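Encoded as structure tokens, the structure appears first; notes follow it.
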Amino acid sequence: MSFTEKVKVGVLGASGYTGAELIRLLNLHPNAEIAFLTANRFAGQRMADVYPHLSHLDLPDLIAIEEADWKQADVIFCGLPHGTTQETIKQVLSEAPESKIVDLSADFRLSDLDTYAEWYGHAHQAPELQAEAVYGLTEIFRDAVAGARLVGNPGCYTTAAQLPLIPLIEAGLIEADGVIIDAKSGVTGAGRSEKQANLHAEISEGMHAYAVGTHRHACEIEQGLTLANGGKAVMTCFTPHLVPMNRGILATSYVKLTGAESHESLHACLSERYDSEPFVHVMSLGVAPATREVRGTNQCRIGVFADRVPGRAILVSVIDNLVKGASGQAIQNMNVMLGLEETAGLDQVAMFP
Amino acid sequence: MSFTEKVKVGVLGASGYTGAELIRLLNLHPNAEIAFLTANRFAGQRMADVYPHLSHLDLPDLIAIEEADWKQADVIFCGLPHGTTQETIKQVLSEAPESKIVDLSADFRLSDLDTYAEWYGHAHQAPELQAEAVYGLTEIFRDAVAGARLVGNPGCYTTAAQLPLIPLIEAGLIEADGVIIDAKSGVTGAGRSEKQANLHAEISEGMHAYAVGTHRHACEIEQGLTLANGGKAVMTCFTPHLVPMNRGILATSYVKLTGAESHESLHACLSERYDSEPFVHVMSLGVAPATREVRGTNQCRIGVFADRVPGRAILVSVIDNLVKGASGQAIQNMNVMLGLEETAGLDQVAMFP
Amino acid sequence: MSFTEKVKVGVLGASGYTGAELIRLLNLHPNAEIAFLTANRFAGQRMADVYPHLSHLDLPDLIAIEEADWKQADVIFCGLPHGTTQETIKQVLSEAPESKIVDLSADFRLSDLDTYAEWYGHAHQAPELQAEAVYGLTEIFRDAVAGARLVGNPGCYTTAAQLPLIPLIEAGLIEADGVIIDAKSGVTGAGRSEKQANLHAEISEGMHAYAVGTHRHACEIEQGLTLANGGKAVMTCFTPHLVPMNRGILATSYVKLTGAESHESLHACLSERYDSEPFVHVMSLGVAPATREVRGTNQCRIGVFADRVPGRAILVSVIDNLVKGASGQAIQNMNVMLGLEETAGLDQVAMFP
Amino acid sequence: MSFTEKVKVGVLGASGYTGAELIRLLNLHPNAEIAFLTANRFAGQRMADVYPHLSHLDLPDLIAIEEADWKQADVIFCGLPHGTTQETIKQVLSEAPESKIVDLSADFRLSDLDTYAEWYGHAHQAPELQAEAVYGLTEIFRDAVAGARLVGNPGCYTTAAQLPLIPLIEAGLIEADGVIIDAKSGVTGAGRSEKQANLHAEISEGMHAYAVGTHRHACEIEQGLTLANGGKAVMTCFTPHLVPMNRGILATSYVKLTGAESHESLHACLSERYDSEPFVHVMSLGVAPATREVRGTNQCRIGVFADRVPGRAILVSVIDNLVKGASGQAIQNMNVMLGLEETAGLDQVAMFP
């Protein structure tokens, strides 16, 4: 593929927040342009009708997914609900097998089909594609992503949790089993659907835990930590909380050190591992990152701390759930899949305040 | 003491948020009235100048602490900064030994003088009063509070954390050592002082952890859990986070079960323990409480959850940091100390939305 | 009616924010208790299922409106959608003609049936009751409210706007025609229904005007100002804005002075008019009120200012839209209708911060 | 000047929000790079110490203004407090007369020295430079900006207010005198200084008017409207309000039509006037813009509405106060002054949600 021309991008399910975020980021991408946008509920409308803040851009009108011509796109971002996604992607790849696909749903994240069936309540509809799919936690699986046709883009919580934990488990510095991840998210993680629970009056000036012990991102995290643990299965405690902000995830992970290691070893390990990564920044020892430092960016920032309890340590990681937790990492994966500059379109500074 | 007349209340350090909150709550108290309000920085001004929302109330003007006549008050709430408080209370009790005092600072919370010196950086200035002081976590130490002259009102985080944990440790259902408490607070916990870090533009739309592994409330929690553990010393992991809301604390505690107990045993234990308590409510099994359910009230709500990791459980507790975490519990303690109805002045419904 | 017993209160449409707010306020009312709560969508459920923050109260379960026995209530608050309300109240008063009713919808606010039909799109269904209904802006129409069987509780914007304007027009100090009212509201004014536009992510960190020149509260304001103007019809410019907060309305009114009056005359007029009112407070000249000063209370606060443009003045008025703008004024009207203390249940201090 | 090299930019007073915002925007500017950053209070520190979200950028350390070498910069943005700015810029231009300066303070906005002295309380310290300075409302004064050495960057409120009003006054469609501007701002307009009034707990969940009839931006607006009015002096009513959000200004302007014009004429006039402007967008007739549509961008969006009151109309304009109201317009002016592409560095899409 030559890039004297821009990459053509199709977005399925463009009316969600991740769709709008893809457009925000792609607008500054030097090598990409939007080919089509689908949103069945709004087919025939302008993107500006759904998202007035995009009204000044020159964007194609929204179409139904049935109207899309897959061949018009080099890359397809798929932001459809999980479950239906499998059928759609199967169809796309049967009609346009050269397509590159980054799927933002949960449909191609779990390599074990039984685990998928257990957590999502139905058998996987495209097991042969799942076998092909690459898990798109870019910093960890970059080489596989580079050669992939289908990437399952990681969940938001799971990205925040895995980036600090995987290198430490791989290095044998912490016990892989029994990690406790206390995660806090802004409300855009729940999407744009009309739910009473997400009204401003229900969210602002308060917080709560939800899906305690049962959230689906637990199995995705465990998949990653198990792999880092040499395939030896681990269980993880994962507790999500909803915080009155729009963007941002903060994950506080409580870990047990192995042997005589200290939290300083963890810091050294992570610092070295991510030293040349453009999007992952390890804070100075003892410095806590804030979600506002990564708002609107594709960064993950990680802080490492001693625990008062001997033999334990604390990790704090932050991302913007809509960027590194969704659309930004999707573009990062696209860049890697197509051999583009990995940071292309992703070098915005955090919007603070 | 006869209550044909109202109890006279003095407030030292009335210009802080806890001072304003005391006035808000006392305004509806059937048996109490304000005798004097001190705030050296604003001496001579009206309370309405400091807090316009109180302007329609008939309140005494602010005076310097040196102008206060201790004998005019039956009860004194002390909302001064820690450190200076010890000297002040020593003076009050030497001049007016019949006074009842509820101290909202940290000065009389730690029974061990060495622990105080270690965490607060100086020797305690009133050790004989510390020996007399009662720790005012009312539901746990009600009898001692009833007979006390000086009550050290618990910290906000510590109230939220201890109420679910102490009964479970006392009952031997969870391991006392190594409890992990991940706590989240609204910004009023930081007070009303002019700090850049607490500006709206710095707080809203973001969150962060702070004082990781070093927050002073850790030693206060450990004191309580150690006592519940029959005096056998415990260490606790306590991590505070700042969340973009004004009021509310949510503490998520990760605990290890002893023996063959399940989270259902924890739920049964707490339900029984707090069954007749007017301010502590244990949610139905698996139901998560939200800070907004207790906003403006003296309640603590507790949820109990299974952990995916076998042998462990999760507790979620919520309070309003300015009420049950400060001024409300102070009034509750006053009520107990004076033999008033314990709920007097504290039966407001949460302000939601 | 003797009040050795408490007044029995029924609430129709109790699942909305105004229903929850009625319960919050009535909980502290010394002379009232809840008899029944209807909410057809949630019939058979507990109020705690709809509003967890009320779970510790002893409340009757929600019933369908068809199940209500009107005779069990002395007073009925009606929080149903406009349009359907007329039929319901007609039925209530035919079956239980002794009932006292405070209607929180717009159905009985407009005395002119043609105006109603024009703005609400259909003929009034209970014109004979409209003839009987009293407009419940308590401070202005107290005597009529005292003798009423059916009170149309004013809208939130209209309460904030009329309280400063009516006395000035009655006194001939400002021109009644062409007043400009720029109003800003928190989001609870839009109710609890699941609308994308009211999601946290759509509301926070931004604001907008809406229904510019077409909002239905304009005709209600004009009705009040026309009456104050001796019946001479006026037109008013009214522009509502949605602000990222839950509660509060701030109305900035731009007025033209008559003759040689100054803004000081306006201040004197309002100060005198509201001097003995428990809920309306006129700020010192030049002091601006804030919505947070009245949050959770039944107060209206009014500021009076000179305009740089000669011959003009500016009025700023604030209320809590759920209290003085809805449920609080409804209880105030109930108190007046039944001869109770007008402030009963309404003396809470603003919750700040 | 050749642009094979990047323009060197110096920022005076870089520790304020406008300084951080300049860096955020310049980071994506294809033709500019930071030469030095001054902040006397933080001299010797890294920008990352003051703004952690900038820590991953390669920025020069903060220096004292006395250490700056003016010759290292082609353009200087001056974000110092008003008053001191005049002396500083006089010195810069005396030592480096070739410099291009965009001043973000109020010091060079008012062409009339008496008006300056009246509103700012002291005589202007650099009247000869004021005579030279160009008022940088780019869309209105582009040609003058292009030839300027010193640009006084407009205030945030004044930018939002003038952009819709000036063309309409110039066209004679509205009366220039007596325009009423009701403006609402987010809290970053107050800067980053430690003021109790700007704490999160004081701002969130409430709003208020301030400086009613006395805000300094009134004279700046009047200067612009007077000029549009052919020099015939006008008075304007301008009322600012503080809204609980970080960014954004919304100005609602109430205007009187001249002759037989309607609001449709106003819409046509503005649409034509701004048709080819990259940053000013006129909404379809009757559509209201929201501040969130321009958050983080250099756009101004304008809505035009009929007023119910005959002969009047309503204009709603929105900007991001830190971008088009400060740093973005400053860069726009730099681009024009240097002959760069006017939109360079300013084509970010709004960050929504």
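Chains here go by letter, A, B, C and D, matching the order in which they are written, and residues are numbered from 1 within each.
Convention: contacts are C-beta pairs under 8 Å (C-beta built on N, C-alpha and C of every residue); 3 or more make two chains touch, one makes a residue touch a chain.
All values reported here derive from a predicted model rather than from experimental measurement.
Chain centres here are means of the Cα atoms, and by that rule the chain farthest away from subunit B is D. The chain pair with more C-beta contacts between its two chains, of B-D and A-D, is A-D. Annotation: 39 Å between the Cα-based centres of subunit A and subunit B.
Chain geometry summary: the mean Cα position of subunit A and that of subunit D are 37 Å apart.
Averaged Cα coordinates give subunit B a centre that lies 46 Å from the centre of subunit D. Contacts with at least two other chains are made by residues 17, 188, 201-202, 204-205, 244-247, 289-290, 292, 295, 352-353 of subunit D. Because contacts link each chain to all the remaining chains, their graph is best described as complete. Every residue of subunit A that touches subunit D in the complex is listed here, in rising order: 17, 20, 23-24, 27-28, 51-57, 188, 204-205, 246-247, 281, 289-290, 292-296, 299, 347-353. Residue ranges on subunit C touching subunit A, taken from their complex, read 17, 187-188, 192-196, 198-205, 244-246.
For subunit B in complex with subunit A, the touching residues are 178, 180, 182, 184, 186, 201-202, 204-210, 212-213, 218, 235-239, 241, 243-248, 250, 252, 254, 286, 288-292, 295, 303, 305-310, 312, 314, 316, 318, 352-353.
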